[in-house]
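Next come two complexes built around chain A: one with chain B, the other with chain C.
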Partner chain A sequence: MSLITTLARLEAVDSGRAQPLATVRHRHLTDRPLVIVPLTTAGEAGAPLGALVGTDREAPRLLAVAQPRDRDLRFAFLAELAEAVLPHIEAYADVVEPAERNETDPATGKKTKVEVELCTDAPQLIVPSRAGIEFVRLLGRSMRFRRTAEDDPETPYPAPARVPLLGRWLTHYGERARVPGSSLLLAATDLLNRHWATGQSSLEDQHLGALLAWIDPPGGASGAEAALAAELGRDQHGQLLCPPAGPATDPAFDNRLLAPAIETYDRARQALAAAEDGLAADGRLGELSTAEREIRSLLAKVMLPTWDKVWQGLDLLRELPEGSRAEDRWTRDRWSFTAHRDRVSSGEPPQPRRDDAVTAAQKLASRETAQAQLEAQEALDDPLVLAGRRLAGEAFLADVTDVEMAYTESKRPSPRPLVTLRTDERPHLGERTKVYRSLDGKPQTAEFVRYAQEPDQEGEVLLVLRIMDRMGRGKEPAPGSLPEPGERIAWTLFEHDQRGGPKLPDPEETPWTHGGPPGADAATRAEHPDPVTPEDLL
Partner chain B sequence: MRTGFDPGAEAARATGAILDDTLRGSARGIVVDSPPGAGKSTLVVRAALELAAAGHPLMVIAQTNAQVDDLVVRLAEKDPELPVGRLHSSDSDPYDKVLDGLDNVRKSAKAADLAGLDIVISTAAKWAHVKNVEPWGHAIVDEAYQMRSDALLAVAGLFERALFVGDPGQLDPFSIVGADQWAGLSYDPSASAVSTLLAHNPELPQHRLPVSWRLPASAAPLVSDAFYPYTPFRSGTDHGDRKLSFGVASDGSGPDRVLDEAAEAGWGLLELPARHTPRTDPEAVRAVALVVRRLLDRGGVATSERAEQPVPVTADRVAVGTAHRDQAAAVRAALAELGVTGVAVDTANRLQGREFDVTVVLHPLSGRPDATAFHLETGRLCVLASRHRHACIVVCREGVADLLDEHPSTEPVQLGVTVKFPDGWEANHAVLAHLAEHRVRWRPQVT
Partner chain C sequence: MLATALGSPAPFGQSQFAFMRGNAFEAKVKADGGAELLRLLYERLGGSSPAPGPDAATPDLSAAGPEGRAARTALALREATAAGGWALLDHPMLALEVAGSPAYLEPDAVVVHPDGRWTVVEIKSFPMIDASADAAKVGAAARQAAVYVLALERVAAVTEGAEVGHQVLLVCPKDFSNLPTASVVDVRKQRAVTRRQLTRLTRIEDIADALPEGTTFDPACSPQELESAVSSVTAAYAPECLAACELAFHCRARSRAEGAVETLGRSVRGELGGLTTVAGVLAAAAGKEGDPADPTVAALRRAAALRAEALESAAALRAQAPEGAAAVRGQAPEEAGAACR
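Entry: the complex of A and B
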């Protein structure tokens, strides 16, 4: 945790209110995000229990599984989820703008610009918590290899038509969520934690109710008290007033409300199956649907508070203006969405179970680039974030006091002017440390030369930098390319842009150190469903 | 020391076997594990020279530009006639200016300019950009345990066979984003190059250098037991071969007493009163600076097998090691205040591979309320505790043993990942227990 975050947390404890960590919103929010509040069944990994889905906060769509261990019902749930999610995703797929992409011509090896489509916007999914993102990933993995009757008429338990497709999309979203700064799939708690510091532990910050209690305490109460109430408050039946954001449910809810309701439902189902004539069946069908409605209403009751809190969180975030470089990162999300749309429409198989060596290395490299870029962009977008970097000695604000021309000693001298700056900050400058400033949105590089004056009574130092680039091609620096005396400039010790890494070999050329090319077996494995094991037929 | 152990002969035997495998073996890869200061660089230089002499063009892959320049200089020292290519980046000042004085070293940012030279040396990062060249028959990968698997993936197509040399006990490579999703895969891109290499090629011959020439007899057993429990090594020198002494007598202060203890025993622990502090604990930072100041003021001289006469311990023979960069910056500022210049102050990551007479270490867990995986990492402590030829002084707040007991390792166990022994928790306890025997308690005066 950085020093400024620690200070913000201390202030939050002191004042009883969460303290801002940012002055702008560092993640793009679309106009119509699709919020999903999922619930899972305790004790059975990946068995969905229910969900609230929708883009309209007033009208969430309730999906529920009355008996989560019944695989037919589970499939029905997934089919319904596909109906709720896929139309939202597909609505964005056809609205495109022309764009250019650099591609290497495989024949000549030359880079050329290719006209391609780029979706003008992308569908955004919001879940309440980080565990929700994990659940989206799990759902994706459990669905994308399923076979439908259309894929294979012989398949013993065919999945509903659109389920594998939903699995592929959720997998893509889950994977994209691992890229720092991406906004296709976001957790409300992550979003809020990025922008506010509370006075509780980071573990407690994962509790959406407690987190919002610190940021926006109801009725002007203290954040600490409101958070405690959100975490522990129970009604006279022992149920949490603020149910967990899921996907896990509260054991008290499971034991006292859900389990009896499911039992009633099971009994009603058995009774219906045992019905001997139509009249009896009618009556028992009525009992069954009553039992099912009861479960649905129970689930709705524990999901609705979370649903409302997600929207409340989004409201709070929308009060912050969006950081100027967040749009930039969103464009990359749109590229990611467009690329997956193209993979789906061109009939490519679902994402493989495991990345091969080259794909894994590529993903890691691009995420590291994204992380470094995110940190730099947030600091450039937001004076409060920059203040944190300044406090850590990784950036500084300084007044220009003097600019002196100097040149390189080559045959064609280039300008290397020396700039003297006054600052009371203590950046970690060493000999020839590179520093950067933003000049018309592009980074200009300078090198630390020396201290011209040690700290005076006010703690101010004079330091000398040598400007290295962005002065044009001439002997004299281009107008406006040099700092002016009197100017106040923010310098960073970190780079503003990230160079892309080297090109890795194609997967077919994986070297012997990494096991050689993925075998024919591995290449085809992705298309085969899991073999049916005895566990599948319990 | 056990009689009959001749460190020189043992080391020569190991080196001979490695060179034999490299020059005449048939395996595509050879892995050499080297404990701290065991002559890894010497081995790399020797292997490179012998391969070149046998007419095998060779590429050498190191991890940092400083390592590359250092290797080039060493090669030129051994054989000034040998044509060596230094492949460098196109940044400004891409290599050490010393290389400009070496006649047989050609420098270029393009691999094509260096074609045909006996040896071409560069960093892994630069090699990764070299494309469309005829692969080299041989390569040497230096500091292979600090190279990430994905970096090896990018360069492995450039050579047919390679000698991988490195120290398994030092810091593992790291990534700035989570890589858990690949944990357990043989080619986990965030793992070390050697672990991927061996996972796919378990039959490759593996060698070990058995003697540390850097660590004194007082340090080798502790470092070996704590960090290399299954691959022990010895020191090349015996007790009494090295000596650290001071021209000025102790003034009885904490820093002076710990200096005397360290001069005598090779280890010293300056223990400050228990307290939770920010990372840049001002008292501990000042204590580190004071120890360095006193070490220089008291005219330390080092006697060793390297020189006939005792050699003064000057600032460039002293290093301060920390866990975090802001701590290093704070120590630098404190040293500047005391008028000390020329002492290397850096994090464990940046001190890797370097050697000093005396090191002063700010303990990674000093003053912390918690023990995270970062601070417990075995390699971090190992690097900090194995940079010295004479003595290592650790500055720490009391209570680290309790802190360790309150924070057992809780990292999730990943399927398919080889558990690394010893874990940081165990190693930290081992080192602390040993340091406790050389403890000097000190309560700095409030100024």
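Entry: the complex of A and C
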């Protein structure tokens, strides 16, 4: 946490209200995000208990599992989840625009432009918390290797038809969520924490109810009081007034309400199985569906508050205007979505359990680039973020006092004008340190030359920069490409655009230090479905 | 109970689903005299010993009271080591001195190798998916196992031919099934940390000596009495306490009332130098207090000035676009231009 963020948090403690950390919204929000509020069974890996899904805040779709340890019921849930999520994803897959992509011709090694399709928009998923993102990954992992009866008629316990496909999509979303600045899959807590500083620690900020209590306290209470009520408030039955945002449930809910309801359901099911004639079976079927309805209503009751809070958080975020460069990052998300759509439609196998060395290195490198790019873009979009960088000496605001023409000493002299700036800031400048400013959305580079004047009484210095580029091809700089005296300009010491690192070898050329080429064992390394056992709980 | 009596109950508890699942998994791993468990252990830590057969010893460790069980465990360990075969001790009882008073520990299992090595086994019900598990949970399990290793070392010191392995076996469900899989965890680091912390702990008698005469933590007392009793013991609250300690909400309330900056996280303290209270930091930032020559105060003032300036410029920009959020969104490019102009 930087000092300026700490200060914002302390101000929040003092005022009892969360303080802004951003003046614009740094993440793209689509018009119709799909909100998913999942719940899982305590102690089980990826045994979902239920979910609320939907794009309409007034009409969430309730999915519930009456007995999470029953394989058939779990499959029914996953099939229903696929029916709720996949149509939303597929609705975006066919709306495309033409785009160009640079590709290297494998035969000649030349770079050529290729006409490709790019989806005009991408489906966005929102979950309540960071644990929800992990749960989406886990669900994806648990589903993508399942076999359906169509894949393999011999497979024991075949999965419903669209479940493996949903697994692949959720895996893609979970993986994309690890790229800094991406917006395909977002957690409401992360979104809110990016834009507001509360008067509590970042650990406590993971509680969606407490976080919203600081940002938008109900009924004029102080943030701290409202947050405490959200954390600990219980009704007369010992149930939390603000249930956890999931996927984990409150143990008190499990023990006092859910466990008895599931037991009733189990007994009703046994009774139905033991029924001897049609009339008795009818009655017991009624009991079974009553028991099931009871579980559904219990789950709905603990998920609905979270559902409302996610939408409340989205409302708060929509009040902020979107940062102009968030759109650029969203375009990358659209590319990512389009690429996965193509992989699915071309019949590629599901994502492997472990990435090979080259893919893993590529992912890491692209995440590092995305991180640096995100930091630069947020600072350029938002004066408040820039303030943090200025405090760290990585950017500065300065008034232009003088522009003096100078040229290179080559045969065809190019302009290298010297600009004198006045500032009271102390950026970390050394000889020929490169600094950048944004000129019509593109970065213009300058080099630090010298200090023209040491600090005066007001602590202001004069410094001289040499402009290096973006002045056109002519001998004289193109109009508007130079700073004007009297202008106040923000300069940064970090680059605005991030170049990717050096190209990585093809998978076939993986060096021995990294396990060597996939080679002959590639066929044996093909992913097999997870083993299933008859008494398998999951 | 104390926390509830103080009016800040901590939301701890275990779901019976998790509890049942954990027990069922442990029973499955230890079924048939621990055959599956010994197989997993032999695969990963067997060394040159012969494979464990169905004759592996599973001594009965039941006895009256924790002292009795601890003594019975020590005896069983000695016998098994002398016998020179495989032995599985199911839920042994170990004693360890913590802050001057004995604490009794119950590992899931301890295995005696034919060569006299003892290995601690931890059975956990969180899954190992694609051979990797949640790092935080594995870390917690390793710290727990390190304490068992320390306690076992005390027994091994008085047992001939015995040695405690610094590698423990962590057994977890594989992927999404209830089939067990295992992984070897080296706990040397955690053991060293725990050993150091144990020697540095203030002895309970010393803490008790420092308390005023007649202090009691009986939950039946009035909240005021308890409040003063608890506050006579110093506590260094940090947000991490919330995940571990039942009194954390009480300590947090006290820490907040004192205005301590640590309520925002331990790291905050590092960058604020000598300023320890919220009011103190804000006064220094506002220029009301503090020595401007102090680098922390100077940085704070500059941070406050930069923050105020940025918020003002953003507010001014928004005032220029009074048509509401939609209009501002349309004008986003100009706004960004202004921000970095």
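FYI, the second predicted complex is superposed on the first by the 520 of 538 C-alpha atoms of A that agree within 3 Å, B and C clash if a C-alpha of one lies under 4 Å from a C-alpha of the other, contacts with A are read in each partner's own complex, and residues count from 1 in each chain.
In this section, a contact is a pair of C-beta atoms (placed from the backbone, for glycine too) under 8 Å apart; a residue touches a chain by one contact, two chains touch by 3 or more.
Small disclaimer: the values here were computed from a predicted structure and weren't measured.
**Student:** State whether A:Arg318 touches chain B only (first), chain C only (second), both chains, or neither.
**Tutor:** second
**Student:** Tell me which of chain B and chain C touches more residues of chain A.
**Tutor:** When the residues of chain A touched by each partner are counted, C comes out ahead.
**Student:** Looking at A:Arg354, would you say it contacts chain B, chain C, both, or neither? Reply first, second, both or neither.
**Tutor:** A:Arg354 contacts both chain B and chain C.
**Student:** When the two structures are overlaid on chain A, which partner does A:Gly441 contact: first (chain B), second (chain C), both, or neither?
**Tutor:** Only chain C is touched by A:Gly441; chain B is not.
**Student:** Is A:Arg141 touching anything from chain B or chain C once the two structures are fitted on A? First, second, both or neither.
**Tutor:** A:Arg141 contacts chain C only, not chain B.
**Student:** Using the touch definition from the top, say if A:Pro20 reaches chain B (first), chain C (second), both or neither.
**Tutor:** second
**Student:** Does chain B (first) or chain C (second) touch A:Thr513, or do both, or does neither?
**Tutor:** A:Thr513: touches chain B, not chain C.
**Student:** Is A:Asp333 contacted by the first partner chain B, the second partner chain C, both or neither?
**Tutor:** Once the two structures are laid over each other on A, A:Asp333 reaches no partner at all.
**Student:** So, does A:Asp216 touch the first partner chain B, the second partner chain C, both, or neither?
**Tutor:** A:Asp216 contacts neither chain B nor chain C.
**Student:** Could you look at A:Leu3 and tell me whether it touches chain B, chain C, both or neither (first, second, both, neither)?
**Tutor:** A:Leu3: touches chain B and chain C.
**Student:** Enumerate the residues of chain A that count as touching chain B in its complex and touching chain C in the other.
**Tutor:** 3, 6, 354
**Student:** Report the residues of chain A in contact with chain C in the complex, numbered from low to high.
**Tutor:** Those residues of chain A that touch chain C are 1, 3-4, 6-11, 13-14, 20, 23-24, 41-46, 138, 141-142, 199-204, 224, 231-232, 240, 249-252, 254-255, 259, 318-325, 353-354, 380-384, 386-388, 390-391, 437-438, 441, 487-490, 492, 530-533, 535-538.
**Student:** State the interface residues of chain A toward chain B in the complex, per the touch definition above.
**Tutor:** Residues of chain A touching chain B: 3, 6, 178, 180, 354-358, 360-361, 363-365, 367-368, 370-372, 392-393, 426, 428, 432, 468, 501-505, 509-516.
**Student:** Show which residues of chain B lie in contact with chain A when the two form their complex.
**Tutor:** Spelled out, the residues of chain B in touch with chain A are 28-29, 92-93, 125, 128-129, 131, 149-150, 152-154, 156-157, 175-179, 181-182, 185-190, 193, 196-197, 199-201, 278, 325-326, 329, 333.
**Student:** Which bits of chain C are touching chain A when the two form their complex?
**Tutor:** 8-9, 11, 13-22, 125-127, 129-130, 173, 175-179, 239-240, 242-243, 249, 256, 259, 261, 263-265, 267-268, 271-272, 278-279, 281-282, 285, 299-300, 302-304, 306-307, 309-311, 313-314, 317-318, 325, 328-329, 331-333, 335-337, 339-341
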